[in-house]
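Chain nomenclature is as follows: A, B, C and D, assigned in order of appearance, with residue numbering initiated at 1 for each chain independently.
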Amino acid sequence: MDGEFSQLRALVRQFVDERDWDQFHTPKNLSAALSVEAAELLEHFQWLHKGDQAELGPDRLVEVRHEMADVLVYLVRLADKLDVDLVQAVQEKMVLNRAKYPAEQVRGDARKYDAY
Amino acid sequence: MDGEFSQLRALVRQFVDERDWDQFHTPKNLSAALSVEAAELLEHFQWLHKGDQAELGPDRLVEVRHEMADVLVYLVRLADKLDVDLVQAVQEKMVLNRAKYPAEQVRGDARKYDAY
Amino acid sequence: MDGEFSQLRALVRQFVDERDWDQFHTPKNLSAALSVEAAELLEHFQWLHKGDQAELGPDRLVEVRHEMADVLVYLVRLADKLDVDLVQAVQEKMVLNRAKYPAEQVRGDARKYDAY
Amino acid sequence: MDGEFSQLRALVRQFVDERDWDQFHTPKNLSAALSVEAAELLEHFQWLHKGDQAELGPDRLVEVRHEMADVLVYLVRLADKLDVDLVQAVQEKMVLNRAKYPAEQVRGDARKYDAY
């Protein structure tokens, strides 16, 4: 059985191939598009206090969901073009993060977290 | 068996809880952090031509993988805080994208794609 | 007497020419670099409450100043490459903003502002 | 005679005060808004080759000018809130850049520039 990332990758591939858009999908362009989508997500939160569900409200939450989907689509596409296994990449990165931020040293510390 | 996203969510939750960092994780802050990580990813590509594997080289590819992991970590965390199912969100968004960009009308068209 | 933007443009031009870096300065690359610098600026604020001078502290304020300078350098350089008069562009945009957000209708309204 | 930045600062202050929007303008929020505007600028270039005037065309160039204006408006506003002199900040930063990238060592070198 394919994993979720493998399913998403196939979904995005099919969408791109049907439109012959692979020609635009250099890693450079995809990373720019990912950054643009991340900013469109941020735009929903920029004047809010915390941006939790209650403050967002149901309509804006739908829009936020769709921006999150766009971010993930470009991330999955970029991973496909660079042969990156995203789950494995997170697991590796979390090992590095654990070494960099030992729990007993940084617990609840805003200054240490801020330096993160 | 848990899916990959569920596994990642648990991994990030544990990391955050061990450090008592949940207090900093408002959706607003997480969306800012996600945007910052996306820009750190873009930084690797900004002066390159296409940014494919050959142009990046092995060392920089490792750094790119780690930036991609950071983006995914914050996205998974934001989804956790807002009760968003990321796989479902992508599936929904792709239905909308299919309606908005009919394959027969936009195929290989840079102008149409550009308007995307 | 030259205006401040004209002086900055000359300063950046000289720096770039001495290094033969104009070849990297396509408008596309410069807009990516500008976006990266804006995110580096945001990074200083992402876990803060408001980010005012007192919360930043003197050392971080110096770093913030330098990130703001980097944003302006790339904006001035992009304007130079696209023959854009930045002062005139702001004046034009403010006329549009005044028409879009009539003061008497949006005054102090978070929802209206939020839609901005 | 006031300089250009002083004029822009006054223009933005008046616009904000007429709308009672100062309450939303924490440095944190302004840095997020600046980052969002920078991404909206990048969006115009993301699928283009170089993004020069000819490739943009006249209509898109007008949109690009307006996005550049938005970036500058938020930068000027943030500088106002943090008492930063932007011209002085650029002059200081360029001194640091000259020390970091000696012309005779980095001239025309993509690798060195890339590390910039």
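To be clear about the criterion, contacts are C-beta pairs under 8 Å (C-beta built on N, C-alpha and C of every residue); 3 or more make two chains touch, one makes a residue touch a chain.
Everything numeric in this text was worked out from a predicted model, so none of it was measured.
Enquirer: If I list every residue number at the interface of chain A and chain B, are over half of them used by both copies, so same, or under half, so different?
Expert: same
Enquirer: A-D versus C-D: which interface comes out with more C-beta contact pairs?
Expert: If we tally the C-beta pairs in contact for A-D and C-D, the bigger total goes to C-D.
Enquirer: Distance-wise, how many Å sit between the C-alpha centres of chain A and chain D, to the nearest whole number?
Expert: Going by mean C-alpha positions, chain A sits 25 Å from chain D.
Enquirer: Can you work out the whole-Å distance between the CA centroids of chain C and chain D?
Expert: 2
Enquirer: For chain A, which residues are shared contacts with two or more other chains?
Expert: Touching at least two other chains: 24, 32, 35, 38-39, 42, 45-48, 110, 113.
Enquirer: Taking the complex as given, what residues does chain D use to touch chain C?
Expert: For chain D paired with chain C, touching residues are 3-5, 7-8, 11-12, 15, 18-21, 23-24, 26-28, 31-32, 34-35, 37-39, 41-42, 44-46, 48-53, 56, 61, 64-66, 68-73, 75, 78-79, 81-84, 86-87, 89-94, 96-98, 101, 103, 106-108, 110, 113.
Enquirer: If you look only at chain B, which of its residues touch chain C in the complex?
Expert: Residues in contact with chain C: 24, 29, 32-33, 35-36, 38-40, 42-43, 45-47.
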